[in-house]
Structures are given as structure tokens and as C-alpha cells.
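Letters A, B, C and D name the chains as they come in the text, with residue numbers starting at 1 for each one.
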Amino acid sequence: MIKAGIIGATGYAGGELVRILLGHKDVEIAWMASKSYAGQKYSSIYENVYQLIDLDCIADDLPELAKTTDVIFTATPQGYLGSILTEDILKECKVIDLSADYRITDVEVYEQWYGIKHGSPELIKQAAYGLPEIHREEIKGKQLIANPGCYPTCSTLSIYPAVKAGIIDPNTIIIDAKSGTSGAGRGAKTQNLYCEVNENMKAYGVATHRHTPEIEEQLSRAAGEPVMINFTPHLAPMNRGILATSYAKLTAKVTKEEIRKVYEDCYKDEYFVRVLPEGHCPQTRWVEGSNFVDVNFELDTRTGRLIMMGAMDNLVKGAAGQAVQNMNILFDLPENEGLKFVPVFP
Amino acid sequence: MIKAGIIGATGYAGGELVRILLGHKDVEIAWMASKSYAGQKYSSIYENVYQLIDLDCIADDLPELAKTTDVIFTATPQGYLGSILTEDILKECKVIDLSADYRITDVEVYEQWYGIKHGSPELIKQAAYGLPEIHREEIKGKQLIANPGCYPTCSTLSIYPAVKAGIIDPNTIIIDAKSGTSGAGRGAKTQNLYCEVNENMKAYGVATHRHTPEIEEQLSRAAGEPVMINFTPHLAPMNRGILATSYAKLTAKVTKEEIRKVYEDCYKDEYFVRVLPEGHCPQTRWVEGSNFVDVNFELDTRTGRLIMMGAMDNLVKGAAGQAVQNMNILFDLPENEGLKFVPVFP
Amino acid sequence: MIKAGIIGATGYAGGELVRILLGHKDVEIAWMASKSYAGQKYSSIYENVYQLIDLDCIADDLPELAKTTDVIFTATPQGYLGSILTEDILKECKVIDLSADYRITDVEVYEQWYGIKHGSPELIKQAAYGLPEIHREEIKGKQLIANPGCYPTCSTLSIYPAVKAGIIDPNTIIIDAKSGTSGAGRGAKTQNLYCEVNENMKAYGVATHRHTPEIEEQLSRAAGEPVMINFTPHLAPMNRGILATSYAKLTAKVTKEEIRKVYEDCYKDEYFVRVLPEGHCPQTRWVEGSNFVDVNFELDTRTGRLIMMGAMDNLVKGAAGQAVQNMNILFDLPENEGLKFVPVFP
Amino acid sequence: MIKAGIIGATGYAGGELVRILLGHKDVEIAWMASKSYAGQKYSSIYENVYQLIDLDCIADDLPELAKTTDVIFTATPQGYLGSILTEDILKECKVIDLSADYRITDVEVYEQWYGIKHGSPELIKQAAYGLPEIHREEIKGKQLIANPGCYPTCSTLSIYPAVKAGIIDPNTIIIDAKSGTSGAGRGAKTQNLYCEVNENMKAYGVATHRHTPEIEEQLSRAAGEPVMINFTPHLAPMNRGILATSYAKLTAKVTKEEIRKVYEDCYKDEYFVRVLPEGHCPQTRWVEGSNFVDVNFELDTRTGRLIMMGAMDNLVKGAAGQAVQNMNILFDLPENEGLKFVPVFP
């Protein structure tokens, strides 16, 4: 049994890690740490696991906990893990970080977009960017995984094949993404109250959202050249789900069938990426609760643009599910072990 | 492997059966029948199972299908199974009926409340009422299971211990229940459109809802005398979940602790019924997607009434999950096999 | 022009007062006070009134403000107005209090249920309980109005005719009420976040909710004897709306038609109470945004109980709308002036 | 009093016309026609107007009705009015058409995108496109108004100033729009059921939506040259509201302040268009129930793109409210008469 610990277990991503790991036959949750709720019974906060787990939340003494744990998931605020992680800790156990601290290889870019001084820039190069469908080989054997952001996962996976194949001009990419409200976290903020979110749609972080450089780094790697994009997130009145609709200019005349082959070839061996049949637009309802990403595209021959779409559950493939997928890779388990959830509908 | 078939596979309960059975290690879905969608690929209707199941919907030739199937789930309109089921079919395979046709032992009561002439009243006595927490022994070995209604499951399980123990007067019971909209089915009706249900609460079927006699029969059995109740269902703007709040007069002075003992003793060996700690009201969010029923009570010493509460997922414990629980009993499997879903929150 | 001020203008009831008063031809909003947002432009907090009102929030110096204001609406936490209101202030201007401080005539009952020491119990008898449909004559000419609670307004208006006519036993009354989340206020609490409320139903304050004694006082006055009831509120995933479903034993055999006459006679001159046609259950969607209360009933001859139902908008008839209705009475305006909103659907 | 009639009164736009006209002091609703509900009392279908209007739905004999009516609103399916409207009818009364039949000046474009043979192409040139903020002078004195589509209204008003001022390249415009579900109409379709829409985001009509040529015509007129755009609508789980997020390349270096001046100058005399303060993104919650359109923009200096945003209520400014605004112009009333609704929040 893999002994796993979770720091930040009482946020929504932390809660989802508990849900998933409880059903993973090779994992035992050894402890759950939470700044806000230390000392309280976990199942009194997340009553969905009442009678399923009987642990109290503990304080997060990372160096000490690392000694008795095989893998630690950190679902913590940006900058926190960066400020406390050390080489010594990484010698003791594997760390899968759900924050942004090790996702961006250029620390200056990180510090500029996040407005945070990175506490351990020397560790960035030890981390693998944990998007298995693209970087599977780099992930294997690592001690530190930078688990991708929710928007970057959905955006990158739906655009990547077209960029890789060179059929779109990467500098014309515009990503318009819509997220459920669990992405905003469990902090008690007025703007996230039910009555503020319900019956509302809004853009936020326009031209300044922190996931922009993360997406740009991934698409630049795919394009083999620096890429600059527009990324605009929106908050939608639903609990879960991200839908990314992306636009780009075609580089040359190409048929629907050719593009379809590009996508299908790219993902033909991937369990978690489903290229939908022609004419079926991805919808968040079809992936809720699961680790699937549904992708598809439309070709607009009038304007010469490709419209690329992706739908996934922000808490699963966009956070906890992908973290467990990375854990499976690190521990040589089947990649979908404990992740074969059928999407819950309705 | 148990070969299972589903009639009515494209309704919400049918879709939930598919979701659950796909994750059941001892079951293979042999076929799915649907009147409305026969000939169409199932995963084009329920895209959540795209790439997970590749069957087309077929027509429902029950006698023929029964010959090659171990268990058939019928998620069909009231009266339909009653009109086509025969002893011969039941000799071929087991049938778990999610409709109301075999739930009520007195066929006259059934015909009066449902306004339907029962087509096979002689089979009613062969059926067991599939509420395992109360009738487990009767279920074993049966060929025909009357899977309980959603409201009756939630109402009965939250009231039963108090009636059984004689601490409330059963003829003062008032059940006020609130259901998510999946309970209204997938038929294209104006009243179930998004804009009609969203931002709305309403009662319906007041004093006439068909689940009333089903609940009364169960509570009468528990009380050992005929019981008449008020049952009022409400439609709530959510996909899943039933919350039942029930009221009754105490028969004698009794303490909170004594009542708690009654509930805990009653359900101490039950995996799927969770008696919550004192002061925690059941909430549908804590059971969504799972087969759990959360129950609890409050004592109002001012008015001498007991308030009993239950929360569950109407599509799981209220339909498909309970059906699979019954199947597990019929096939001598662990009762929670394939049903150990952790509730999905948020 | 009536010069009106609002204390607590940035809560949901305060925001609704602003919305309603902006459309009232005889009223000018002179100032808006807010503890949390003093010094900020009101329309930066409630952007719905951007370009419609240009005031900043001010601090709430009640004695000083009273000198230059005709009527002050207080949408403040329980106990606050009680602690600062004086006879001198009431000589300067009229006060319509949306909190509970002057609703209950017996200060001991108030202090016991609210757990608050009342700061000005001597003023309680000067206040009229502002439910115009029942206490119109008492309201006229008063300086202090205790604007009713949301649940009490909906519950009382839907039960009152039956109690007054003596056709139900008031001590058997059970009120099961469901409220939209705006009733929980705009405070930043985890339990009121979108993801906690969405897809959830729960009861709260079972057997202890503070609106219980307020309802009991009103029903006792109607019955002419002390009445004790059960009142159970529930939180529903919607912004606005209260639905109250109430149950009581009939005192004698009575026909549907007789009961209908009781309700229609009681409300035949009331603009804001609509007795629905037979068979139409009140629904919150039909009153949203308006000052209407829709009421109706069903007779259960099997159990000898009457089921009484009421639906209204908790922020309008349950708070700000009723406050303006009271203001109209105090200033000899037509009672529905500025309140003839057609309900907004969908 | 203006005698008004409504054809298609039982759809959502029709219902909203009734709500608005009931509060318009210069209008009397003379009749309401509905194919589906002819002969039924209108308030039994839209119970929000119970006791406010007592008419039955009638059949829609347009030529006859025109003789006794001053203005007819047609909220009918695409192609219907085109097939029955005549010059003679237009001599009798004014017609404000909420369908698309007279919005597009080139009938071939209409027929191609709508797949409908236009029944009265000769009348198209008699119609004015009823977007008062841009075409006010053309509207005055007309007998036939083509009331704009919901998406075109929101998209055009948020992009128009930038195109008109020449600061963006109109052929790089990409519009990503999100709409509440009332935009999908009141027809009983499975895909619009509560459980299908709730907790879901999806794009639809990608590269083929019929509002595309309507927007292109308006932007072409503003640009003075033919414009081709990408327009992608999405369905969001809410009743009302459209949010349009649009992207375009800047034609030259321009500052935020210069762009702000362009927008403010353009709309400085418009009551219904609110240019929000810097940094405030339009949100549908701030316009719900009102005729306002909130617009704003962000400048992305990194990518050289302008992001333009608009939010409005699809049933008001996107349909019934704008129709009444046009009526006010046609009858020389103040343009905001009967339309000064304060947005309803929450």
C-alpha cells in the first residue's frame, strides 16, 4: 500500500483527492493536513466521507511527515510549497504539487505573473510538468510533479494536436474558457456566495490571468517557438466543469477529415482523452465526476479559422484526478487505476 | 459474470443503472432496450459513456431476451411490466422492477391510486419489496423484486425505527419531501424545462401522490396496524437528491438519547444508512452520486413532536443503486459490491 | 417627496429597498448607511444601480440622520436597532424596522429565542406589527413599524384564514418552509458559498428557529388562545422565494367549497394576496420580484387534514416590499404605490 | 392609449412583452394570440399575471386584428411573419417583429442561413433595423420594425464603437457569447430540460449560427466595408442573460484612455447603454430584468488585441424591452417610457 498524505485537504481539490484516494485499492490515506481545520475531524467538515474515514485534520509539518509517507499531495495556495520545500524532503518522499509553484520553468515569468518571490527556484528543474498525455516519459521516476492548472489542462489538450501538426498559427490563438465555481476555491468570499454566482456569467482576470504563461509555455514547446495567446476565463453558475473554446487561423487549406486524423492519431492511445464524433460539441455534463477530457473541433471555411473545444471536470482531470494519474505513473501502476469513474449524469 | 439487461435504459434511472453496472466487476451489460431510441447507439444519447460501452439500443422483446439473460432491470412506465410479465419469463431469469407494479400487495389499492388495471396481479405475491435494510431475508432467492420508489425509500428508512420502537403515533405522521428534478424523468415536458424549474419551488400531487400507499404499507407493517399518513412531495431546482422531513407526535415522554439509541441500534449493521451525529441535519449534497441514506432526528419537547429527516440520491439509493443492491443479494454477492461510491461533493 | 434613509443598505434586503424606492414616484433616497462599506460609492457594490444613484455609503449616525429624514428603514442585525433607538428619534422621524427587535410583544419571549438582551423594551408597545393584510388599522399613524419576518409573512398569510374561521385546530399546525438563499444574507460564510448551496437541500434551525414565536404570536391572536406550532425552515438552491407548506387537523367536517369561501372572503380586498384557482399550487416562480403572496390549500379527506400553501418573494413581500407597503400606509399613499411590479418570469 | 396586440404571446419573449406592457402607462394590451394555447386563459399559462390580466389567448388572424390595433408585436418562429405579412396590413397598423424575417437586407443571405424561402422579400426594404442606439433616425415613422436578435444586440453594441472609430481590424473579430436558457425558447425539447442544462456548459451552432450574418451586416455598415467574423454561442445554466466576449486586433497603437473616450463619446447620450468604470467587467447579474446593456473593454498590450465585453438580459434588451423601446420611438414617447426597470439582484 502506498502511504499518501494530503496538505490542504479541506479545500475543494483536497476534498476531491480524499474522494478519489478512498477508492484507490493501492493507496492508504495516512494523514490529512489543514491550516484552517487542524484538530477537527475531517468527516465533520466533509460529511460526504462520514463513516468512510475517521482521521482528524493535522498541522502540516512537511519535513517530519515526509519521513513516514510515500507520496504527499499539496493542494495549497500559490507560493506556499515553494517557500517550504527542500531537497531533503524530496529525498524522503514524492511530492505532487497542485499549486503553480513548479509549473513554469522560467522563474522570472512565474514571479512576474504571480507577484510572488519563489522560495526554491533551484527545485523547478527537478519537477516534471504532470500532463501525462504530453509529458508521460518525463514524469516517470521524478520526485516532484507540478500538477497542471485546470484551465491549462483543458486548453492545452484541446489545442495541442493542431499546434503540433502545424495546421494553425499559434500566435493567433484565443482561448475563451468557462469554469464552474469550485475553481474559485472554498474561501469565504462575498463574490463566491450562492446569490452572487447564481444566474450570472462574468469574465475575470482579462488579459492578466495567471494561467496564461503556463498555457503559453506548453504551446511554445509544441510549436517549437515562443507563442503568445489571449486567455480569458469566465465564471459560470455551476459547481464543476471547464469548457474551453479556442480559435486560431489555419496556416493552410486543410480539410475536416485531415484535422480529424490529426486529433485521432494524437490521442488514439489515451484512455482519458476522448475525441468526440464529428458534430458533437464537448459538454461539461458528459465528463462530470470523471477524469475524461472530451475534445473536438469545427472548421470555419468562411473565416479560415479552426474552433477547438474541450470539456472536463476541473476538480478531477483539472486537479485531483490528474494528480492521482501522475501518482500512478510514479508508482508504476496502470495509469487509470482508481480513476475509471464513469461520468455522473445528470 | 452475471449477464444483465436493462429495459428503459434511456431514462434517467436507466442511465444510472448503466453507470453503476459498468463499474461492477461481476456484471456484464448484455443489452439495453429503449422504446424511444431503438436502433441508436446508446453512447450517442448518453455521451457520458462514450468509449465505455458500444451497444446500440434494442427493442424490448422480454420473453426472448429473458432466455439469454441472468437478470433484467426494468425502468419502465407504471403498468408496463405488469402487462407483459409472466411466470415463464420469471423461470428464465430474475427481474428487478424499478416501476411500481409489484410494490403494493393489495392490487385494489394499486389500481385505485395508479388508475391502471394491473395485468398480472397473480405475480404480486411472488415479488419481494426490495428494501434490504428492512426486508433482506425476504429478498433472498426471489425471482422478482419490486424495487422501492424514491420517496418511499427515503421516507421509510428515516421513520421506520421510530415506528418500530413505538415511540411515535404512526397516524400523526406527516411527510414533507423535496426532490431533485431527475425524479420527474427525461420526458420532454414544458413543466420540466430548465427555465420552469430553475428558481422555483412547488408542491405537487398534494394528498394524491402515488407513493402514499407504498409508504403506508411499509409503515403499517412496521406498526403492526393500518397507518394513514400525509405525504407531500415538492420539486426542487437541483438535479439529484431527496430530502424528507417528517413529523409525528410522540407516544410518551422519551429523551433524545433514548431515541438516538433506537436509530443506532436499528442501523448499526447497515453499510448504506448513516445515522448522523447529534445536531447534523441530513443534506442532499453529502450523499450525491452514492447509495447512502443519511438520517437523523430532532426532538421538539415544546410540542411533543419528533422531526425525522432523511437525505439520499434519488437515482442511486432511490432507484438504480438500490436495484443493484438487490441484485447483489439475489446473486449472493457482498451487498455493497460495485456500490462503494464516495459521495461526490461539490 | 418623502425623504427616506436606509441603514444596512448593502445587505440583500437593503439592496432591494434601493431597487424599489428608486422606482417610487413619491420618494427620494436621501442617504444610505452601511457599516461594512461606509465611504464607498453604493453603485460600486450594487452595480445594478450604476448610473441610477450616485450616493456614497455613509456611517449610521441615527439620531443626527433622523432630524433631516422622513422615514428610516433599518435592515440591520437582530438587536442593533433595539440598542440605539429612542423616543427622541421617533419624534423626529418614522422608523420601519426590518429586524426582529419590535415584532414580539413579550420581551421575555424575544430575549429567550434570540439570546439578546433587548435595549429598549419600552418602545415595543409603540410599534405596530407591519402585516397590513391583518393589522392595517394598527399601522396607520404609528412612528415605529416592526416589519414582519419573511417566513412569518408567508406562513401567517397562508394559515390565517383557516385559524380565524376556526376550521383547523391551531395546536396541530406544522409549517414546513423552503427559502431561497438570499434569506441567509450577504455575509461571507462558507456555508453560503455557491458550491455549498447548489445541488443541496437541508433543514436548519429545526425546533429552534427564531421565527417560531413570531408566527405563534400572530396565530394566537387569530385563534384567540395561545398556539404552539412546529416550524421547520429549509434552504433551497435558488436566489429568491419562500414556499410554506403547512398542515393542520380540521376541527369539523368541512367541504372544499366552504374553505375556499373562507380564503376568498378573507382576501377579497387585498391587492397583494392572490388566492389561486382550485388545483393550482403556489410556486415561487410566479411571484419572483413582486410583492404578491400566492396562497391556496388542499383538503385531505382521508386524514382529515388541511394542507395550506403560500409562495412569495422573500426579499419583496418578505422584506423590502412589505416595508414600502407599510411606508405607503404611514404616508397616506395608495398601498400599492411603487409596488405594482409584475412578477418576473422566467 | 396605444392598443397593442401580441402574436406568439406564450413564448418567453411574448411573456416578457406582457410583463412590460402591463406596466406601460400609455399602452393597453388589446389581445394576445397563441397557436398552442388558443382558447385558454392567458393567466393559467403565465400565472405570474394572475389577477393582472384577464384575457384568453386567441388565434392569430393578422389581417383582421390589424384593423383594430395600433401596434402588433410578433414573437413568432422564423419565416412565419414573412409568409403572412402584406402591405395592406402595414397600412392598418405598425408591426414590430421579434423574429429574424426582416433583419437582413439581402434576402439571399437570409434564405441561405435560415434555410427558409422568404415569403415577402419586397417588404424587407420597408423595415428599419430596430437598434435605436445606432439606427434611431431610421426607425422613426416606420410601419415595420425588425427587432434585433439577442446575440446581435449584445455583440453589436459592445463592438460598434471600436469598429466605427477604426481602432480594430473588423475581419479579426471573434465573438464568444454565452446565453441563459430562456433564449432557447419554451418548446418542450429534451435538450432544454432542467437536468440537461443544469451543471452544463456547451457551445452550439459553431460556425453556423443564424445570428452571424445579422451581426456581420451591422458591423459591415459600421466599418464601411464587408466584414466576416466568428461567432460562437454557448448555452449557460441560467434563466436570463447574455454575456458577449469579443476579441479583435488593434489597427494601431492606442491607449486605454483613448479607447475609453471612444466608448464614452459613443454612448454618452444613451440611457440604456452603460459604459462601466475601468476594471469592471460586465456581469449578467447586474442587468437582469432591465433594458440596460453594460459594456466595457480590456486592452491586451502583449498581444495587441482588444477584448470587448457586453452583458444584457436577453429577454429585455435582447427581445421584449427593445421592442417596446422601438414602439416608444414610433409613437413619439420618451424612449425609456415603461422601461425604467432597475435590474433585479440577486
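Methods note: contacts are C-beta pairs under 8 Å (C-beta built on N, C-alpha and C of every residue); 3 or more make two chains touch, one makes a residue touch a chain.
None of these values were measured; they are calculated from a predicted model.
Ranked by how far their CA centres sit from the centre of chain B, the chains are topped by D.
With B-C and C-D as the two chain pairs, more C-beta contacts join B-C.
In this assembly, the C-alpha centroid of chain A lies 46 Å from the C-alpha centroid of chain C.
For the pair chain B and chain C, the distance between C-alpha centroids works out to 38 Å. Per-chain CA centroids place chain C at a distance of 36 Å from chain D. Among all residues of chain C, those that touch two or more other chains are 12, 182, 195-196, 198-199, 237-240, 283, 285, 288, 346. On the chain C side of its complex with chain D, the touching residues are 12, 15, 18-19, 22-23, 44, 46-52, 182, 199, 239-240, 274, 276-277, 280, 283, 285-290, 294, 340-346. Interface residues of chain C facing chain A in the complex, by the touch rule stated above, are 12, 181-182, 186, 188-190, 192-199, 237-239.
Residue ranges of chain B in contact with chain C, taken from their complex: 174, 176, 178, 180, 195-196, 198-204, 206-207, 228-230, 232, 234, 236-241, 243, 245, 247, 281-285, 288, 298-300, 302-303, 305, 307, 309, 311, 346.
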